[in-house]
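Here the chain labels run A, B, C, D, E and F in written order, and each chain numbers its own residues starting at 1.
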Amino acid sequence: MRPNKLREMWKADQAVVNGWLAIPSAFSAETMAHQGWDSLTIDLQHGLIDYQAMVGMLQAISTTETVPVVRVPWLEPGILMKTLDAGAYGVICPMVNTREDAQKLVAWTHYAPQGTRSFGPVRALLYGGADYPQHANETIVAFAMIETAQALDNLDAILSVEGLDAIYIGPSDLSLALGCRPTFDDVEPKVAQAIDHILERATAHGVAAGIHNGSAPHALQRVDKGFRFVTVGSDARLMAAGSQQVLAAMRSR
Amino acid sequence: MRPNKLREMWKADQAVVNGWLAIPSAFSAETMAHQGWDSLTIDLQHGLIDYQAMVGMLQAISTTETVPVVRVPWLEPGILMKTLDAGAYGVICPMVNTREDAQKLVAWTHYAPQGTRSFGPVRALLYGGADYPQHANETIVAFAMIETAQALDNLDAILSVEGLDAIYIGPSDLSLALGCRPTFDDVEPKVAQAIDHILERATAHGVAAGIHNGSAPHALQRVDKGFRFVTVGSDARLMAAGSQQVLAAMRSR
Amino acid sequence: MRPNKLREMWKADQAVVNGWLAIPSAFSAETMAHQGWDSLTIDLQHGLIDYQAMVGMLQAISTTETVPVVRVPWLEPGILMKTLDAGAYGVICPMVNTREDAQKLVAWTHYAPQGTRSFGPVRALLYGGADYPQHANETIVAFAMIETAQALDNLDAILSVEGLDAIYIGPSDLSLALGCRPTFDDVEPKVAQAIDHILERATAHGVAAGIHNGSAPHALQRVDKGFRFVTVGSDARLMAAGSQQVLAAMRSR
Amino acid sequence: MRPNKLREMWKADQAVVNGWLAIPSAFSAETMAHQGWDSLTIDLQHGLIDYQAMVGMLQAISTTETVPVVRVPWLEPGILMKTLDAGAYGVICPMVNTREDAQKLVAWTHYAPQGTRSFGPVRALLYGGADYPQHANETIVAFAMIETAQALDNLDAILSVEGLDAIYIGPSDLSLALGCRPTFDDVEPKVAQAIDHILERATAHGVAAGIHNGSAPHALQRVDKGFRFVTVGSDARLMAAGSQQVLAAMRSR
Amino acid sequence: MRPNKLREMWKADQAVVNGWLAIPSAFSAETMAHQGWDSLTIDLQHGLIDYQAMVGMLQAISTTETVPVVRVPWLEPGILMKTLDAGAYGVICPMVNTREDAQKLVAWTHYAPQGTRSFGPVRALLYGGADYPQHANETIVAFAMIETAQALDNLDAILSVEGLDAIYIGPSDLSLALGCRPTFDDVEPKVAQAIDHILERATAHGVAAGIHNGSAPHALQRVDKGFRFVTVGSDARLMAAGSQQVLAAMRSR
Amino acid sequence: MRPNKLREMWKADQAVVNGWLAIPSAFSAETMAHQGWDSLTIDLQHGLIDYQAMVGMLQAISTTETVPVVRVPWLEPGILMKTLDAGAYGVICPMVNTREDAQKLVAWTHYAPQGTRSFGPVRALLYGGADYPQHANETIVAFAMIETAQALDNLDAILSVEGLDAIYIGPSDLSLALGCRPTFDDVEPKVAQAIDHILERATAHGVAAGIHNGSAPHALQRVDKGFRFVTVGSDARLMAAGSQQVLAAMRSR
C-alpha cells in the first residue's frame, strides 16, 4: 500500500504543511497540488464542496505526491466511509466532544476488528494499491477536532481512545465556544491558553496535534511549540488576497 | 450585513409570497428569481436537488433581491450548517416533532452563545457582507415544520423554544399524519382544524407561520387568516401546468 | 429501428406539436416529456444548454414516447454528428442560407452514400435499436432554418436539395432580417408575407414546414395554413408566465 | 402504478439477476440497462456516486424495463426518502443490526399509517404513475443488509418486523465481522454457515433473500439454495476484467 | 438596458482593470467578482472552461457590479452568439488577422442591420433588461485580438472596420508570431515596438486598446501609454503565487 | 518536459496498445488507466463526452503512466488547441481528406514557427512540466484520420506534409466511404486492400500508422503487418460484453 507521508513525516518529527481547499473544482485542486504542499485538505464542512466534487479533487491531487485529506461535514458514518472509499488518506472530523464521539470516529474509520468500517474501498484500491485492505487501518489518519468547551472538559478521555492518532484545532470555533471573537491567529488569551493546553495533553498522549492558521508566521510559531500539522491559507483566500494586492497597486494612483 | 427581507416584511405585517424550486438548475432558479417572488425556497428534501446544485441556485437567486431560502432534507447538523455557510437567509427543517428537535434546530443554526453553529461562513460573507458573523443570529430565519401528530401534541413546547422564529406547515404530510388524503389546498376538516390551531398557537407565541399552497386563491385566504409566509406553485408544477394548457388548446380540435 | 413519430404523423397529414427546452436540466426535460408533447426540441443555439447537458436531456426524454429533437448552434459538422450519435431523431440547423448550406446539412446528417456522416452511433444504437445504421438515413429528420433575406432569395435552390426533408422558420430572425421588429406571432406584414411564401414553396417541393410560435392560437392558425411542425412555448417561458399569473393574483389586493 | 418486477418475479418464484453500478455516469447506467439485467443497483455507499449523479442514472435506467434499485450510504432518513422520491423501486440499506434499525427502515420507506415517509414523490410520480401515492407502500421493496455479528444475534427480531420484505447479504462485510478475510464468493466456512443460516431464517419468515456475488457460477449456486436476488459483477469490475483479458492477449507475445 | 461600465469608463477616459478566470467554478468566479475588479474575463480559449461552466460563472459575476467578459476559443459564430445570449457584456476574439475576420466578428456580435447575430437573448434579457434587443448593438463590446504578423500587416484594414470598438493584445502570441520568446511583460524589443505601434494605430482609429499583463507595475505603465483595458493576473496564477509565498515562508527554516 | 511514451515506443519499434473511452466519467477513465493500457483515447467525436468531462478524464489518466490521447470532433482549431492546453499528449483528428487539411492539422497543433497554435498551455504545464513550451512541438503527436475516398486519392500528398507524425484508420468510416458495410475487423476485401495500401504508404513516408480494432486477435495481426498504434475495445463495449457473458451464464438454465 502507498505509504502515508503524514505518518512518515511525523515519525521523522517533521511538521506537515497543509493547504486548504474550499473551491469545488478539480482544476484548482490540481493547481494547488502542484505547488508542493505536503497535504491538501478538501473542506466538505465549510467549503463549497460536496462529495461528487470531492472525488474529482481527490483524483486531481492524486496526480502528485501531495497527501489527500478531507474534512467531513459532521461525525456521520455515511460520509466518513464514502470519503475513505474515495481514497482520502486523512479525514478531519468536526465537533468531537466526548469520548463516545471519539470512539465512533475510530470505529467508523477502521475495519474490523479495530472498527466497523464497511468494506468496499472502490477508488482507494486504485490510489492505495491492491493491498489497501490489509494496511488501511494503520495507514489512514483520522483527526478529531477539539473545538468546544465540552471537548476541553473531556480532553483526556478523548485523547486516550485507542486508535485516535491525531487531533485538529479550529481556533475560530474554539474562540466562539469560549465566548471570544472568532479568528485564526491572534486569538484571545483564554483561547491561546486552551490551545496550549490541548497541545500539551495531545503530546502527552502521543497524539499528533494540528491547527488552522491564518498566516505563515503564526504557523511557524505553532510548529515551534510542537504542532505537527499546520494549515496555512486556502485556495479562495489566497486568490482573494492576491487580487487585493493587485487592485491596491492598480488604484494607488 | 444585508438585511433579511423576510424579517422586514414581517415587521411591516406583510405576508411573504414564496416560490418553490424543485429543478436542479441555476438557470431555472435565475429565471424564477427575476419574476419578482419575495423569496424562493430551494427544496433539498423532495426536490431533485442536492447541495452542489443548490450552491449554483443560491448564486443565481443572489443576482436579484429575492430572498434565498432552503428546505433541508432532515434535521441534521451537517447539511443545516452547509446550507447557511452557502448563503441561505432562511432554512426550513422538516419533521420537527419535539421540543428537543426544535432546540437542536435553533442550536445548529445559531452561533454561540445562542447555539453551536460551527464557524466558517465562506459564501455567506460574500452574500451577507463582512459583518455577517456579528448579525447572522438575528438575521437568518429558521422554520420548523409542523407536520406530524407528535408535533401537534408538542406544539406549545416547540413554539416556546427560545430563538425559534418561524414554523412552516406541509399540508400533505400533516394530512397523512392525521389519516387523511395528502393534498395542499382542499384538506379534510380534521386537517383544516389542525392548521387553524397551529396558526393560532404560533401567533400567540409570536412565531411567524408559513404554509404550502397549491394555488393563489387558497394562499390569499390563508394570508387573510394570518399566515405570513405562503408558498404558491413550484418551477416544475408551473411548467407542467402551462404545458397542459397549451396542449389542451392545441388538441381542442 | 424505432420509427420516427414525426414522419409517421406527417404521413398521416398531422401537425406535430413541439415543445421547447432552454433549461439545461434532465429533470425539467423529463417533466416536460411527461406532459404529452409530440416532440421536444433541446435548443443548443439560444437555450442555456451545451452538449453534455443535452445528453442527459435526451436520456430523460427517452423515458417517454416524445420524439427528441435538437437545435444545433450552427451549421457545423462536429456538433451535428455528435447530436445524432447521442440519439436525436431530429436536428434543426440555423441559418441555412444557400443551396450549398443545405447540401452540407444533408451530407453531414446522412451516412454514405447519401452523405458523409461519420460512423459511430454510440447512444443512438441504444435508443434507436441495433439496426439504426441501416435505417438512420430515412428515419432522422434534418430541418433547415429559413430565416434570412439570403435564404429567401435562394429558397427554391434550398428546397430542391435532395434529402432535405423539412424546414423551420424562426419568425424573430426573419423579422430582423427583413428590417422588422423581432417577434414570434404578431409579425409585421412583410414578414407574414415571407412566411406564407416559404410555406407555399416548401409544400410545393414536398418539404415539411415548421415554425416557432408564441401561443397556441397562432400555432393553430399556422397549422390550418399547412404547417406540420409547430412549436409553442418553452420550459422557461411557461414557468415565467405561470409565475406572473400567480404573483399578479397574490398582489391583486 | 407501474408494477415492480422484483415482486412479480418473486411471486413467480424466480430469482432476480441484479447488476451493480459504481460509476457516476448516466451513460454507463443506460448502457448497462440495455443489456437486459432484471434490476440495477446504484451504489451510493461504496460506489463513487452521490445523489445528483444517481438521479441521472435513474433516468437512464428508466429508458428500459430494468428495475432501478439504490443502495443508500447509511440508515438515515434524509437520503432514504430522497432516493424514493427520485423514483427508486428498491432500496438496500447497510448495517441493519437491530430490530429497531429494521423498524426505522420500514418507517422511513413507507407512508402513514405504515410508516413516516414524508410526502413529495416528485420524480416517482413521473416514473411510477399518478397513483404512486396509493400503491407505493406495497410496491417499493426495502432490503435490510445483514452483515454484522450483531445482526446475526438479532436475526429473528429483525426478520419479524412487519413490512420488511427483503434482506441482502454483503459477504465481504459479514466476513470481516466474523473475523475472516473479506471476499464475495469463496467465503470461509464460518461465513458460509452464517449465510446459510440467514437464508434459512429469511425463508422461514417469508422474507426474500439477496446476496452479492463475484461470479455467475456462485450466483447460480446461491439461486439453487434459495436466494431470490443475486448481484453479479459491476460496471467498473466488468470493464476492468475485460481490459485485463484484452491486455493479456495483446501481451501474450 | 443595464449600461456597460466598460463604455462608461472609456468615455471618462479611465482604464478598466480586468481580472482573468481560468478555473471552471462559479464559486471562484464569485469570489473574484467580490474583490472589486472592474471586469472579469472568463477564458474559454486557454482556460479550463467550456460553455456550461461559463454560464454558472456569468451568473456568479452577475451578483456584483463587475462587468462579465468572455474570451471565446475562436472566431466561430456558434460560440460567439451563445456567449452573448448567456449575458456577456464583452467578448474577446482570438486571432483576428484580416479585415474579413474583423467584419465577421462585428457581424456575428451585432443584430441586423449592423450584423447577422441570431435573435434569442435568453439570459441576456435577465441580466441586461427587457430592452436588451434595442440597445445590445451599442452596449456590448467586441474585442479583436491582434496577435499575429498577418494582423500587423492588416492593422489599419482591421481597425477601420465599422463597429469594431476595441482590440486586445496577447503579448505571448504576438511574441511567438514575431519569433520571440512568449511572455506577458518583459517582451523583446521587436514585440514592444509592435505593441506600441498597435496602440498608436488603435488610438488613431478611435478604437480602445487592451492588453494582457503579468503584473501591476507593467499594467500601470501600459495604462500610462494609453491602454484602456488592462488584464493583471488570473485566479489560478494568484492562487499559485500565494501558495509559493506561504510555502517559501514555511520552508525558510 | 515529461516524455511521450508513444514516441519512445515507436523509437523502440513497439506497438502501442490503446484503450478507448466513450463514457463521460473521470472514475471510469481512472479505472481504465489503472489496467495498464499504454495509452487511452478520450473520444470527443463519437463518445458521449465533451470538453469539460474530458478535462476530468485527463486528470484521472494523469494519476498513472498511461498516455492521454483525445480524438476531437472535427478539424477545428478551437477544440484542437483547447485539448492540447488541457494536457493531451496526442490528438486524433477525423476526416483529414486533403493536403490542406493535413497542413491545418499540423499548424493548429504546433507553436510558431512550425505552426500557429495559440499560446496558453494552462494545464499542459502542470502535466508536462515547466519546459512544455520549449518541447511541445516535438513531443505531442497529431494523428490524421484517413477514412474517406478523397483521403485515399490524396494519400501521398497528405503523408508528405512536414510535421505530420501519424495517421489513424477508422475501418468503419473507410468501409462506408468505399460502399461497404461498416465494421472494425472483418472488413470487406476492398477495404482490407485500402488499409494495406495506407499502411504501406505511411510506412514509406516514415509516418506511424494506427487503426481501430474490435478484438485482440485482429489487433495482433495488424501489429504484425506494421501498425504501431492499435486500439482494442472501449470502456462501454467491454462493460456491455462482460454483462452479456454474465447474463448468458445466469440464463443458461
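Keep this in mind: a residue touches a chain if its C-beta (ideal position, glycine included) is under 8 Å from a C-beta of that chain, and two chains touch if they have at least 3 such contacts.
Predicted model only: the values in this text are computed from it and were never measured.
Q: Check every other chain and keep only those touching both chain B and chain C; list them.
A: D, E
Q: Taking touch as defined above, what minimum step count separates chain A and chain F?
A: 1
Q: Determine, using the mean of C-alpha atoms as each chain's centre, which chain is farthest from chain A.
A: For chain A, the chain whose C-alpha mean is farthest off is C.
Q: Among the chains, which has its CA centre at the largest distance from chain D's?
A: E
Q: Could the interface between the copies chain B and chain E be described as same, meaning over half of its residue numbers are common to both, or is it different?
A: Looking at both copies, the contact residues mostly coincide.
Q: How many angstrom lie between the CA centroids of chain A and chain E, rounded to a whole number?
A: 39
Q: Go ahead and note the Å separation of the Cα centroids belonging to chain B and chain D.
A: Chain centroid spacing, chain B to chain D, equals 34 Å.
Q: Can you list the chain F residues in contact with two or more other chains?
A: If we look for residues of chain F contacting two or more partner chains, we find 22, 24, 27, 31, 34, 48, 50, 52, 55, 76, 79, 123, 236.
Q: If I apply the definition of touch given earlier, which pairs of chains qualify?
A: Pairs flagged as touching, ordered by label: A-B, A-D, A-E, A-F, B-C, B-D, B-E, C-D, C-E, C-F, D-F, E-F.
Q: So in the complex, which bits of chain A are touching chain F?
A: Result: residues 26-27, 30-31, 34, 55-56, 59-60, 62-63, 123, 126-127 of chain A touch chain F.
Q: Can you tell me which positions in chain C touch chain B when the two form their complex?
A: It is residues 17, 19, 22-25, 27-28, 31-32, 34-37, 48, 216-217, 219-220, 230, 232-233, 235-236, 238-247, 249-251, 253 of chain C that touch chain B.
Q: Could you pull out which chain F residues touch chain C in their complex?
A: Touch residues, chain F against chain C: 22, 24, 43, 45-50, 52-53, 72-74, 76, 79, 94-95, 147-148, 170, 172-173, 176-177, 179, 182, 236.
Q: Touching chain B in the complex: which residues of chain D?
A: Listed in rising order, the residues are 50-52, 55, 76-79, 81-82, 85-86, 111-113, 116, 118-123, 133.
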